[in-house]
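The same chain A turns up in both complexes below, where it pairs with chain B and then with chain C.
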Partner chain A sequence: MHEIDIVTLSRLQFALTALYHFLFVPLTLGLSILLAIMETVYVMTGRTIWRDMVKFWGTLFGINFAMGVATGITMEFQFGTNWAYYSHYVGDVFGVPLAIEGLMAFFLEGTFVGLFFFGWDRLSKRAHMVVTWLVAIGSNLSALWILVANAWMQNPVGTIFNPQTMRMEVSSFFDVLFNPVAQAKFVHTVSAGYVTGAMFMLSIGAYYLLRGKHTEIARRSITVAASFGLASALSVVVLGDESGYTAGQDQKMKIAAIESMWETEPAPASFTLIGIPDAKAQTTHYAVQIPWALGLIATRSINLPVEGIKDLVAKAEGRIRHGLIAYRSLAKMQGKPGVTLPPDAQAAVSDLGYALLLKGIRPDIENATDADIHAAAMSTIPNVGVLFWGFRLMVALGFYFIALFAVAFYLSSWRRLDRKWFLRAAMLSLPLPWVAAELGWIVAEYGRQPWIIDGVLPTSLGVSDVPASNVLLSLAGFVLFYSTLAAVDLYLMIKYVRLGPDGQSTPSVLQVPAGAD
Partner chain B sequence: MRPASPKAYVTARLHPLIREIGLVLAFKLIALFFLYTFFFSPSHRIDVTPERVHGAVFGAHADNPADQ
Partner chain C sequence: MELIDYTVLRLIWWALLGILLIGFAIMDGFDFGIAMLQPFVARNDVERRVLLNVVGPVWEGNQVWFILGGGAIFAAWPTLYAVSFSGFYLAMFLILLALIVRPVAISFRGKVDNERWRRIWDWAFVVSGFVPSLIFGVAFGNLLLGVPFHFDQTMRLTYEGNLFGLLNPFALLCGLVSLAMITMQGGTFLAVKSEDPIAGRAAKMTSAAAIAYVLLFTIAGIWVAYGISGYVVDAPVTDGPSNPLLKAVTRADGAWLANYSAHPLSALAPVAAYLGALGTLLFARRRAALAAFISSSLTVAGTICTAGFSLFPFLLPSSSSPQSSLTVWDASSSPTTLFIMLVAAVIFVPIILAYTSWVFHVMRGPVTAERVKSASHDLY
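Take a look at the complex of A and B:
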């Protein structure tokens, strides 16, 4: 029987929990802002229908928040148990933004979520509106710190390796915080969340209009969702382009794999719109290309080439050889405090991670042959097929969202929201932002392989040597736990969407009139 | 016993959604507790020290003849 190794199991478990957790995050990010906008309209106009809208969508926001809360804590469990070497090696860096997220952003968000639900009859209109905005700001700040941590894994800046403690240490917190990858990822991710929130309102509003129920609230909700969604969908594409540019600077292999680009593309580089990637033959069949587009995305120029996979593998071979110089010197330093590295080894420490790729080939890596070094360099190629198709599907969905929200904006502006074809399309589009968001994460994290910290630490060296049976059993536990939660979440969402704004939740989110229930 | 005023009666009863969410949160807490206890508590973790990481990264070090 084929045995799954501990690295694959640990990765699978982390991917499952992260992807599941991210089912809740984008809706929280988007709907919190939309609630704040609608409540601001209520405070400014005094029209109670806007308050009713906030209460109705707030109920659904509450279900999503309650279902999602603490689903991410299981990732923290895994850091300590399954990824102990990773946690030691980079915990000083990675732990800081996670701690700030927990202490500052999550408590801000959590505190004001409570006030949002319990404060309707206890706070003034303006104070409650401020609370709603603070919920939205807290949610978005949470995302910022998580993405700062994640971006450091993609582009590890502002740190140095300390061979005495065997860990990466922060040399510039400013560089970690203002990592260009973090900034690009943050705005791209939150705007994807705004699209999700807008689609949620648009789809459920369309469902009500198709059934002729709650039409006043549905029309207004669609109008808000259409304008906010259109602006957000446009932002996602523009800001995603910025993510492409940062990857083009710092993660060239990821870009080459997304493009299935085996040969270096001379300037001005073309973008492969569609094709059939063939990793075995190292080519892309039937490629349809857009001239200049990749050059503009990856280099912001038309006179710079974009490196292909084969050239990047050749460069990786050079870096592995260079990293071996540092490896040999560091290996001799064991148990000798105060010994400093010779200058040539100090210069090679930045390539130590590349030398460590050889650990996947043989344990005594200082005796690696040319064939071993070539095999290690080849391991820097991520799964081209997954990245190629995942990226294109995500981008196609992004452009579909622009088109759908543009039509919604047009129809709501001209008061023609009775078009059944549009309402059906809007309703059926409900799951698509989640599909796009999950694909985005798959492309980002699968494209980082074989690194857990890009260029610094191979994934296989971050895993703890715990029994595989433990990871397998806990993985089964997570599947059971998350499947149950997903079923309950769907049940509650469908139940309260069907009840609608006129249902039991209308008088107050938390109180029910006598006789109800 | 029925509360004195209608308002008190209204606030004394929980909305079904609150009950449902309360149940889910309780289930979640219990599930997380068991997952943590059986798979992720300190007894399931390895003790990571600089020496151990050094061993994992530089272990099986063999002197290269070229280094002599």
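Take a look at the complex of A and C:
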């Protein structure tokens, strides 16, 4: 029987559980801030309609939040269950932001979210508002720390390989923390979350206006969503550009693949607006290019070239050969305490990860032939088609969001929210931020392949050596379990949207005020 | 960066690991315990809702002890994180499923006014308390026995056991100890936060659980003393690199008791476990709910310390390749990482304890059936 590939199964499970978890995270990020803003308006104006809005959107927030918490647990432990060698190899670095995320963010969010729902009658107006802000801050801080961890996978700074423990260890926590990729990713990701939260309120508000129901709450919700959404959508695109710049510096292969740019472009590089990537022929057909644009985005200059895939593969070959020096030296000293590497091997350790790419081709990599090395270098090319199209669709959606929120902002400012065409468009746009967010994940993480840590550890080496049947079982379990939960979540969301804000006083709604003593 | 000696840092993180586990078992333990007790103490929809509203405002914060435990083990004991979670793969998967269904069960149950819908989520809630309580106990039992795994020279881990290997008689006994202990936690906290008749039933269940705990803990202790051979590190190096393969380990009968004769004060741990259980029994009978809860928490701390002190310096012994065993001296992060994490813990743990206390203070007082009935649309 054909043996099931543990690496593929583990990657599938990670992708499935991460993409699924990421359906709930952006809405939590955005809606928590929006709740805090609306409650601040309530405290400042004293008008109870704003409190009713917080409670109504809070009920929907609660349904989503439970799902986010539930699916997040899997993520914290999956590194250990399915990626044991990765955990050993980089836990010294990667574990730190995860632990700080727990200390600084999860406790804040988890402890105060209970008070958000149960504390209405037990806290003063102001105290409750502070609680809501703390939930929002906790959510957003957790995004910061997980992206510090993720940014290190994309751009592994501030660490060195320790041959005595056979793993990466922190050399400068400052560098890990202030990784430029982390800064760009954080702002880009939370802004995407804000767009999601704003779209959620805009679309459901538009649905109510079309039905002529709950118009007071719907109008105000749209007004808040429009201004917040417009600012956030602008931020996503502008800071997505910042991501492009940092990827241009640190992940040349990813940006070349996104551009389907096979040859190095002389400065200033042009940006391929659209075309048809052909990985076999290593070219892009029917490319429509904008002169200078990529050079400006990726290098912030007009005199630096942007490297193409073919040149990057040639460079990778050199790094594989260099890394083999370190690998051979390490193989000799393993198991002997207190030995240090000779200087030539020490210098080659930074390319050790490239040598490890050969493990995907043959186990005895010290005997690799030129053909093996070329094959390993070719494996550094990610899936160009997926990245090229995924990126373009995401960016197109980003510009669409700016346009939609700009129209919403204009119409709500001039009190013309009765335009049916706009309300229909707003309602139908509801799923789009999720599409964009998932595409963003795919471009960033699928685009990192074949690396689990860019240039340091190939994905195929990161897995646990557990029986493939176990992973198949857990994967099947997650598919079944998550599908059921998705159905329940959608059912409840639709039910509570249909009930609307007035549903607050029907017997089936809950978790609004808890009783005073 | 070497502000604190590597040996000391490792000891501190060993202690913090214990504190995290104790925090988790005390806080999330009462949520699990209340979930398990549901079929025994709640007889109708209103009473079940009282239980949900007792845990409702606090369970999310409590659960973070578990999440933080995972993160802290990842950061401070990465090898332990890698071996335990991949080795106990299917057991961990069961725990994850239980913990995934729990938040959903708590917050979705009341969202639809339908008998069948509610019964389904009620059972999900009960199972979500039972499964983790049992499996964590079973896992601890297997730590004392050692589990079959080894490393190669590149530190690649091979685990040779399977789920059924974990379900051996001693480990199952430890699972029962855990169930009794967590039931005590749930029963005592529920008695604090509810009124009769629920509080009365909870107190009865607590008494039964305390008696069961004393019996089971005693049997487990005797078994450890006479039925299990422990492990000993030969000539330990306490500040060397974290590479388990650089040491030698032998098995020895009675080795798990060696620490108690070498450091007699450590015997306070099992003593605290017993005293706590007896106190729980006494106070539960007298209906002194808060004192019972504190006693039960003492039992939790004493039990986990007993396991930790017996194993020390081992974290996870390997039965098939004793040399591969993980100990405090060879499974930690680098000194730099341990130090950074210590700074983070020193800053944040007091803040967390402060605001958690404040939230419990705000939510003080029992959840009454009248309140749940009259606010049927306000609460879970």
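By our rule, the second predicted complex is superposed on the first by the 497 of 517 C-alpha atoms of A that agree within 3 Å, B and C clash if a C-alpha of one lies under 4 Å from a C-alpha of the other, contacts with A are read in each partner's own complex, and residues count from 1 in each chain.
The rule we apply is simple: a residue touches a chain if its C-beta (ideal position, glycine included) is under 8 Å from a C-beta of that chain, and two chains touch if they have at least 3 such contacts.
Please read these numbers as outputs of a predicted model, since none were measured by experiment.
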### Message
What does the overlay on chain A give for chain B and chain C, a clash or a fit?
### Response
clash
### Query
Which of the two partners, first being chain B and second being chain C, lies in contact with A:66: first, second, both, or neither?
both
### Query
In the superposed arrangement, does A:310 touch chain B (first), chain C (second), both or neither?
neither
### Message
Once chain A of both complexes is superposed, is A:74 in touch with chain B (first), chain C (second), both, or neither?
### Response
both
### Task
Please indicate which partner A:95 is in contact with in the superposed arrangement: first for chain B, second for chain C, both, or neither.
second
### Query
Regarding the shared-chain residue A:473, is it in contact with chain B (first), chain C (second), both, or neither?
both
### Comparing the two partners chain B and chain C, which touches a greater set of residues in chain A
C
### Message
On the A-aligned overlay, A:328 touches which partner chain: chain B = first, chain C = second, or both, or neither?
### Response
first
### Query
Between chain B (first) and chain C (second), which does A:364 come into contact with in this model arrangement: first, second, both, or neither?
first
### Message
Output check: A:173 vs chain B and chain C. Expected answer is one of first, second, both, neither. What do you get?
### Response
second
#### Entry: Stretch of chain C penetrating chain B in the combined three-chain arrangement, among 27-35, 45-53, 63-71 or 153-161
153-161
### Summary
So the chain A residues that chain B and chain C both touch are 62-63, 66-67, 69-70, 73-74, 77, 80-81, 84-85, 87-89, 164-167, 334, 464-466, 470, 473-474, 477, 481, 485, 488, 492, 496, 504-505, 508-514, 517
### Message
For a test of understanding, state which residues of chain A touch chain C in their complex under the given definition.
### Response
62-63, 66-67, 69-74, 76-77, 79-82, 84-85, 87-96, 98-104, 106-108, 110-115, 117-119, 122-123, 162, 164-167, 169-171, 173, 334-335, 337, 464-467, 470, 473-474, 477, 481, 485, 488, 492, 495-496, 504-515, 517
### Summary
Counting only contacts in the complex, chain C reaches chain A at residues 53, 56-61, 63-64, 66-68, 70-76, 78-79, 81-86, 89-90, 92-93, 96-97, 99-104, 106-108, 110-113, 153-159, 162, 240-243, 245-246, 333-334, 336-337, 340-341, 344-345, 348-349, 352, 355-356, 359, 362-365, 371, 374-380
#### Entry: Contact set on chain A toward chain B in their complex
59, 62-63, 66-67, 69-70, 73-74, 77-78, 80-81, 84-85, 87-89, 164-167, 327-328, 330-332, 334, 356, 359, 363-364, 366-367, 461, 464-466, 470, 473-474, 477-478, 481, 484-485, 488, 492, 496, 504-505, 508-514, 517
### Task
Could you please specify the touching residues of chain B with respect to chain A in the complex?
6, 9-11, 13-18, 20-21, 24-25, 27-29, 31-32, 34-36, 38-40, 44-46, 48, 50, 53-54, 56-62, 64, 67
